[in-house]
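To keep things simple, chains are lettered A, B and C as they appear, and every chain counts its residues starting from 1.
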Amino acid sequence: MEDIIIIGGGIIGSLIAYNCSKYHCNVLLLEKENDIANKATMANSAIIHAGYDPDDYSLKAEMNIRGARKYPSLCRELKVDFKQIGSLVLAVNENEVHTLERLHNQAKKRGIKTQLIGRDELLTLEENISDNVIKALYCKQTGIVTPWKIAIAAMETAMSNQCKCELNQEVRDIVAEEDGFTVKTQDHTYRAKIVINCAGIYADKINEMVTHKKDFNILPRKGEYFVLSKNASNFVKHVIYPAPTKKGKGVLVVPTVHGNILLGPSASKQKDREDNSTSESGLAYVREKVEKIVKNVPYQEIIHSFSGLRASCASNDFIIEESSVKNFINVAAIDSPGLASAPAIAEKVVNDYVLTRLNLSKRMFFAHRVKNVVINECSTDEKERYIEHNPKYGRIICRCEQVSEGEIIDCIRRKCGARSIVAVKKRVRPGMGKCQGGFCEPLVVKILAKELGISPSEVDYNEKGSPVLVCESKGVHHEKG
Amino acid sequence: MIKEMVCIVCPMSCRMQVEMDKKKVVSVSHNGCVRGVKYANEEMSNPTRMVTSTVVLKNAALTRLPVMTASPVPKRKVADVMKQINKVKVKAPVKMYDVIIENVARTGVNVVASRSMDAIK
Amino acid sequence: MRKVDCVIVGGGSAGMSCAVAIARFGIKDILMIEREKELGGILNQCIHHGFGLHIYKKECTGPEFAQLLIESVKKYHIDIKLDTTVINITEGKKVTYVNEDEGVVEVQAKAIVMACGCMERSRGMISIPGDRCGNVLTAGTAQRYLNIDGYMCGKRVFILGSGDIGLIMARRMTLEGAKVLGVAEIMPYSNGLSRNIVQCLEDFNIPLYLNTTVTRIIGHPRLERIELSSVDENLRPIKDSEWSVAVDCLLLSIGLLPDTSLLNKLNVERDPQTRSVAVNEAFEMSLSGFFACGNVLQVHDLVDDVYLEAEVCGREVARYLHDGFVDEEMVHVCAGENVAHVVPQRLRKENMQDDCRFSFRVKKPMRDCILRIRSGENILREVKKRVMLPAEMEKLDLEKSMLMGAKDLVFEVKEDV
């Protein structure tokens, strides 16, 4: 019997696993996808909002403020990037100026430093601000991260500290019993004392398996984005928001940690929980709305578009509580500012529900994550050293992002390692550049096949059963080994 | 019978009208120049195509060797040529223009290597 | 730090032809850097024939053309680094490359030739809506999988874009046993050579749908279906014209882009029309001693044109290294009415050799038209053309004597009325 089963390996589940792994306990994380961090964590705005925006007294406000403060040290611990680039909320009319003033006061109350600035000062910070912007709320604390890399790093560390992770396991049934729970997936049956539901868009379904009631209802909301190439990296330097409305934060312009720019998201409700396709109308909406806040948008640098489903809920606040069934904990409806709140949510769950119920002792020897080599970010001397140690770091596979074979092999061999083309792309970036994998994908497929001991035609693109190649030519069958 | 065909000799891409009597070209019209007549005659009487493909290659850094017919083969034989190409396995080293299949599909044409390939050291 | 006369970035057709020309003109210290394990570039995966009619007086396959060119390269003392990637170039002409054996190496060059080709436009660049499955790939990537690696990426294939690579792949996949269900082209005309339309599509009864594009990609986790729509005269999809096809692979042949990413950090003049750098008649960029030729400069249709362009570039590199160029005012060369772009974009009359070859493309198919090169109101040259197509790069040689008095040049094409 496990001590804890975590359902769902998004950033919330991964960080809970990470926090639990600091204690002596048996933790198993079940993920229905072929990789962790493959849904909402993979497709969001990647911003660590400072926390002045959520309504007073909401769990969102509390978690966001506390979560944002934890990010710098968490990212240091996990050895992933955190960049505090600051943000600007823009107002185009007097009404919106009032909104900015309200946010400014709210920030002050919450101990977050913000500044109201006029158009002239704004233009010294950003060139491509739309002509009708009159005022801005400047917040230096706002940061950006690569959300999936945080989740992967957290999971990798958790696994180095005895946490287990099973991919491609979809939870089909949960039975509450005297001393714990039986959790059934399509392949296996597991048992645990505590079950933590971090199933994102499916959290209501998972809850229903245990409580047999519709305690809450997850409403998938789709957000569509464009990605601009690094050629456009000078377009903006800060996170640019329109003035928020009741509907949400609106369409943003966001620099990424790696020098791309995101435009988005759209926001449309939908029923289908699997459909994260992009649409003509959604992408058109992003183009239309983004023009409100910025000008000279370098659309010719668009290299990719994607969409993600956010797990919203009618009450518009996070659900972090024990369900009506003891020891079954819901961590649900984590939509914006879920990313910024994640470290605080994970901490709250572990403090309030894990440590109070299980008598756990802290690990004496906690294995910290060893940072992966990123050749593109190394000095010449460092590159020399790494290549001397392992020549594969000298063989560049992805020319756009300058990713070496050594980095790709490393990300497959690590704990919580990559099992698909997308999983490699998420971890070390081949295919994230301008050619979108046109040149490097065949090479990545070869490396994955060799490392996993399978045929190239068995190498998945993303989900299990999604190979790019269907067979060998000439009717030849792969000879293993 | 009159058949319409696009001349591929030059970028003009003339849409020619070719008057046929059974398998013989009687006349060609709407052609821009005399080269169209020659093309129409060849294409109607005995259309030919180059076939290029790959064959399975052993003992080399790559697993496929590109090959080609040494000269064009009758169009109707292309499928037969492919069938034979698909069955062949070659072992490196190979030199460019080495004969891979002699008299492929009884066309009198050889399939040859279209590049050299070293053996693995 | 190692010093060399010239670094050539890329060992494909442009790099090799340029290297041979530079060497033939007496430059000894040439370093050619190629990222693949062998020379030849994209030619190695273009196993179809039709290359080299001009250069080798016969129709070669891509690998054959590459091998013939490699044999010429081997006659000269050119230092070749394979499996090696250039990771940085400075304005001071320091080139940094990296490979497994040497690690990171910095070389000081007197001249640099960019000959690193182009990349295919991807799904992301045209934002095709729908699911994100891995079975939507560029035709060139599928070509590599099939011809080099020996793997098929689909059994029921559709192709978006009627560029030549797409047409060639339609035939290639068919011969390998796949069913190619059609080719869709958003324009009202095909973008491929008519020979390829006939021999790659018509020979196999593969339909070509003009004024049509893919408007949705459907399938999870693998591709299952694509939705196609007719487009109006502004290339916008027409509502309710949708139809769909069950496929397991969608290949994109929607254009090529020069890969100038290594020059991103340099302050060098660009040409938004070619989406590459601007060069003068010596194929030199606005930065002295930096040259470009082949598909990195402008996308060519024929490797023979790449070869010839790179040869002239090589001759000019040698001239630059022997004597240097004379500083003089530039004549601007502009694309006028109906012309998409012109290369070179600049002209130095004193430095110019006996003549200069201009390459350009028209924006739309035109019949019975007049190509006119003018300098202000002064018409320098008029050429009647029966047909001009966007899919075919036009070439025109102008003699030095004709250009001596000229100011800025405009290339324009008009219907002949």
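One rule holds for everything that comes next: a residue touches a chain if its C-beta (ideal position, glycine included) is under 8 Å from a C-beta of that chain, and two chains touch if they have at least 3 such contacts.
Just so we're clear, the structure is a prediction, and the values are computed from it rather than from any experiment.
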item: B-C or A-B - the one linked by more C-beta pairs in contact; value: B-C
item: From subunit B, the most remote chain by mean C-alpha position; value: A
item: Separation of subunit A from subunit C, taking each centre as the mean of its C-alpha atoms, in whole Å; value: 38
item: For subunit A paired with subunit B, centre-to-centre distance based on mean C-alpha positions, whole Å; value: 53
item: Whole-Å gap between the CA centroids of subunit B and subunit C; value: 26
item: Residue numbers of subunit A (touch at least two other chains); value: 473-474, 476
item: For subunit C, residues contacting two or more additional chains; value: 146, 148-150, 176
item: Subunit B, residues touching no fewer than two other chains; value: 54, 56, 64
item: Touch list for subunit C against partner subunit B, complex; value: 37, 44, 47-49, 59-64, 66-67, 146-150, 175-176, 193-195, 197-199, 203, 386-387, 389, 392
item: Subunit A contact footprint on subunit B (complex, rising order); value: 54-56, 64, 86
item: Residues of subunit C that touch subunit A when the two form their complex; value: 35, 83, 85, 87, 96, 98-104, 106, 119-120, 122-125, 127, 129-135, 137-138, 140-141, 144-146, 148-155, 176, 215-218, 220-222, 237, 248-249, 257, 259, 261, 264
item: Residues of subunit A touching subunit C in the complex; value: 226-227, 230-231, 274-280, 282-283, 302-306, 375, 380, 383-384, 387-388, 391-392, 394-396, 399-400, 402, 421-422, 433-439, 441-442, 446, 456-457, 460-474, 476
item: Subunit C-facing residues of subunit B, complex; value: 6-8, 11-13, 32, 49-54, 56, 61-64, 66, 68, 75, 78, 82, 96, 114-116
